[in-house]
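Take a look at the structures below.
After this come two complexes, each holding chain A, first together with chain B and then together with chain C.
For the complex of A and B:
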């Protein structure tokens, strides 16, 4: 048999490395790839994709019973929740300051700072901290958090094209990174990255959230956007080269298919199995189109996704 | 460091400055304050002075032509003293003029007749032999014979109404008559028959019906001379600002009739104005050519345009029957023929085919990009071997509609804006010697470009209130307004209307969408034809609005591609120009019919490439900064 040289793609660009976490504590670096996801033969993949556990600062009101019971009493306190997530092998904590929402408690910046301090005492994992997605409240609580966690290099969010100046400036002042969210369009993600960098944010302090679609709810659009962002980055476009954050947990669990127990066809099967499959399918698919930070809800999904990452990083085949 | 003596004329002031001093600073030392609307960045070209003798560095600037530079002109904000100098400072008026004489603001090409003059309308004066017992041919036969023998005109056509009056008319001045005939069809259609010899010239009307503005040219068909031009806002605007809302209106009960009447009313007002100005009677106008987009043509003729709007976007027709003024209610000669220039497709109309005819793009080897920017943006790429065309809906912002302080380009409209990068204070130029009342399309492009370059707005088109406040703590020009942040171009005290003239973020978004649509249309054309934009040798800018675009600033906001300025040529109102040629030459008329058949239409919504390009263009100047290297360079300063 003649020896065949497998063609190797030579990319000009490389994904931007972003380091999260404080001095003397656990740090995580994402990005740095010079190839498409898991194509080790084409280029380097210096850092494995990571799993962030989604933690709320208040007991979740509308989560499915099986994800609530999986976390148990830990849900009552963000510190306990984060600690349990760390024990279950999360690489990062994604802390959502839901209670700051004007309709869910309207808690203050001071409270947010206190919550973050408690979480940081409970675990030394790096933190992504986002507000309630209400511009004014986001600015209020994130400014307080950034100040309280100075030097801890959090990723702060959520930055959008309508609301980026305050959070970006705060992040720069406190040595933090930001999560920038654009509505599922490659150009809009890139535009937001440019706007953030124009304010002065270093390129290594930016994580993209290009918006996730769950299985059955636009997953293929998300896949295409992730993939095109990544291809552009590898072709040398520095403004699309930021690591990608994916909300597989949040987006999957809010769909009917993950939650419905009654009134659905028998063929849908057991909700407990179905819901996990929904989250895992979404996560595993988008993992392979370029996501570096996978935010998940259920401990079991964290296990499964980590297992797949392990094997893909070890150049093994898929999980049997 | 070397000290240099710099003298200034007039006045004769002499100052000593060290080598490397900016001329601007040397002038200030001599007590001469030069205006710097752009803040001294070499962007506006208004601080030009002439170096009579001596050496300076920094002579080159895009605002100076080779000729200017050879004559010693420099910009005092970029030129630095090298040795002893003698400088002439031109009077302020002259310096101010430089702002309108930017290379990009060159005068549009003059309307011209490209074809041998051969109008379809002709007039013959006949002295017929009166009938007798020996020569007892009927009146009509006598007229035919006269036309054949005295004017070499065959195939007279007339209707029964004309025939009823024929006997009396011929006899009224003892068999002396003037016959006006329309030869656009196969025969010679009798338009007018009058006793005696008619004194005045034979007149024709070339009309460009734009979605927003209507322009009419009165033409002397005997010698081809353009007698006058008049324009008005299309009265249909009251029924919707763009083509789509017009079509929606037309679907109401009686909507088509209403719109048809409004178009005709607009033209009739222009006809009256032109006739009065030239001592003519509207009835003297015996021929008319109309160029307009496909929807305008449908509405002008009273054809329901609704299918243009519904997938798969098919018009009732692209070629229209020649009709008479009476059919349409036009106040010119009732039997005057009215020819509508044919369209290519639903969104590439007769204004574009007329424009291509005027541009002569079709007979050149040079690869040209023809743009007609108005409420719709139409694009033609090609040369004598091929032509491709597409169209995008831009909206009426560039024509002054749909913006809070928008207005048409008429006295009182801000047409040029410069913002000082140091003080963020604007310097405006207003059409006519009157206080500003609003801003027109070219002023809008100019304002947004300056706001971008000076950091008043982000690349996302959002006003940076904090930055403006930091530079203007006393009386910031940017403030939170009713509909989000806004920028004050003119304070109420200086404005004609007594209220602040502002640009809000909503207005900015509006303009960004307009420019994104046009640029995306250009890019999709380049992509589909496989012709990279930088291989385009000429960009021909037509349309009524085009001639007012400042290319430099249009590139800065990403409306026009970042190509060398000398590739851009302004043709003026090519639609009316084309109509004028068709009115005066039957050859031009047959050529335009041929052109329509030779243009390939690209449907932008057939796939998602337009949407991709459009979203990428919703940024200043563009999401892909590499496509606008000159702007990226400017913004990095």
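For the complex of A and C:
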């Protein structure tokens, strides 16, 4: 008889499965776990966490030089960018319709539909498409996108408590899913899930964005919110059981630690190394707290983080 | 694990003699459970009961100290699986491993790099804890030479790594080395009697290594029976998956099952299976968040040290109480009544992001810090703790109008919407919207205050 009885947690609940893509496109399913992240000995992990490449519909204005040079000319067109991301092994494309922002060009719904069609031509990966985070414009562009991509099962966003009806109704009509964002609070995430489901959205069409903080900028709060949501889900609360999306790329790369090349202490070290670690460490910490869809910016980070996910998914024999 | 009054009561004499100053043994037990009394107040408990009580009230994970002063590592005594349940208290030690097979001048250089590294974050000085010196080729003289090099940095915590007890004994033979209370790495099935004897003789903590939890628990019991209390365990797991697995199970066994043989801090070596330096750093990241006590890396550079120290700071902050500053008006670079006045919140991270930019701009500046209960600009704005009323109250409290000759106030760009409200509260003031990110503060000051 073994000396050490390895303690196993049996959970009642399970993370909701959500499928994206399909109808001729690749499909990706996330969720379904009956255990905490990567703890294979407690339960099942039917689907590995996935990596989404962040793509903008316009060349980014203020991105760090080392991200810009890593993507090169692809940044000039969202279709080329998405195609390159697919070649680099992304599981999904996270397309941000930044140009629809009233101060960034105020492009129209028709333009958004065109962009999304071009991106869908260029790659068969499933898409997450979000607006510029300005309520009316989000509604305008997302309605047009949902129509153009009917049947392709995108995830549309960003749904918030102030702005959920239109996008949710549009998603339901077009057979899409949504991304619902609440500010750093597990109860607010749960409430928003309830609001969305109350208007008829099926539970398997909802991905949560509980808000991300980068390493050094609120990451530990995000970690605890993710963990508490996941624990509640495993304890059987279906309204906290949606898969989690995490913006490690966006949040890390806007911090000075990732961007600044000069005018910083020598003890910060080489920006090229530091910036990538900032993104990758934020990603790994939050993957281990429950994120299923990790949105990243730098190609190298996508590569490294995927390698680590591989190693965490390789089933380990019992230690004892 | 804290004992309940009833559990304690079982061990007391139950004579109600009142010598302890309490009317009954039960009353005394209740006080003990609340930590309001000391067991020594009862002169009648048997030795047996005393040691049973002490054993039962020991923390589930032993607190172990490596090193003496300076950057000693104090780890263990954790009480939670998840940081939101309580707090993670004892930050894991971060150490660099040097090998005695490497060229001595290179080893000396690496040691000096670790020793001299300092970085400031949120007003704290962060540094690397120490060195692990590995007896790589099995050559005793080379090991002694490398250990000697480390004597140039007495403030660093040390791990001595050799499976050969004679080599270990020789290194510890130097009282200056043993006096630093290094961690002896490691006792194994093959050598544990001799290693335990060394640990006992020099009063040093001892690492115990075995493949798998069964073998590990067997070995720690033997070592503990030999009188060693300060133990650090190494379950031999080296990859992402197996170490997450092993460290989670060790933590669970200690906290949930009060399983003493594994109730010790864990030592990890993230560099051994890593296929790139990034992977090494990421595995160390996992170890910080998931239950390691001592983390021995194989590389060191500022660009990896700074993010790892930040990760450790994040994971080990109190989730209930954000780090915060005292509210007030802070002067930078001898400002006069004509110098610019900026306003921010008292969340440490916010304050230091802003203050470091003001400092590096070189502009004499006033910074008014409003008490927002330690919340960031947008968090406190969204929760009503940083609005026009709070800001104007603070300005009155700190008598800003007496210090400052001009009447303009710079607010963070993220809360540009406050401008209108503030103009209502401060009719004679000019409200200026500053940049969104603190990095813009230098250029902003230059543009608006250059004379």
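Just a few scattered comments:
We adopt the following convention: the second predicted complex is superposed on the first by the 309 of 320 C-alpha atoms of A that agree within 3 Å, B and C clash if a C-alpha of one lies under 4 Å from a C-alpha of the other, contacts with A are read in each partner's own complex, and residues count from 1 in each chain.
Everything that follows uses one rule, which is that a residue touches a chain if its C-beta (ideal position, glycine included) is under 8 Å from a C-beta of that chain, and two chains touch if they have at least 3 such contacts.
Every value quoted in this text rests on a predicted model; they were computed, and no experiment measured them.
Look at A:307: by the touch rule set out above, it reaches chain C but stays clear of chain B.
Of the two partner chains placed by the overlay, only chain B lies in contact with A:165; chain C stays clear of it. Of the two partner chains, chain C is the only one touched by A:4; chain B is not. Touch criterion met: A:274 reaches chain C, while chain B stays clear of it. Chain A is touched at more residues by one of its partners, and among chain B and chain C that partner is C.
When the two structures are aligned on the shared chain, A:24 is found in touch with neither chain B nor chain C.
Residues 2-7, 38-41, 183-184, 215-221, 223-224, 227-228, 231, 254, 256-257, 260, 263, 265-274, 276-278, 280-281, 284-285, 288-289, 304, 307-308, 311-316, 319-320 of chain A touch chain C in their complex. Against chain A, the residues of chain C that register as touching in their complex are 82-84, 117-121, 212-214, 217-218, 235, 237, 239-242, 244-246, 248-249, 252-253, 256-257, 259, 261-262, 275-276, 278-279, 281-282, 285-286, 289-290, 301-308, 310-311, 313-315, 317, 319, 349, 353, 360, 376, 379, 382, 437-439. The residues of chain B lying in touch with chain A in their complex are 458-460, 462, 464, 466, 612, 615-616, 618-619, 623-625. Those residues of chain A that touch chain B in the shared complex are 161, 165, 185, 187-188, 190-192, 194-195, 198, 237, 239.
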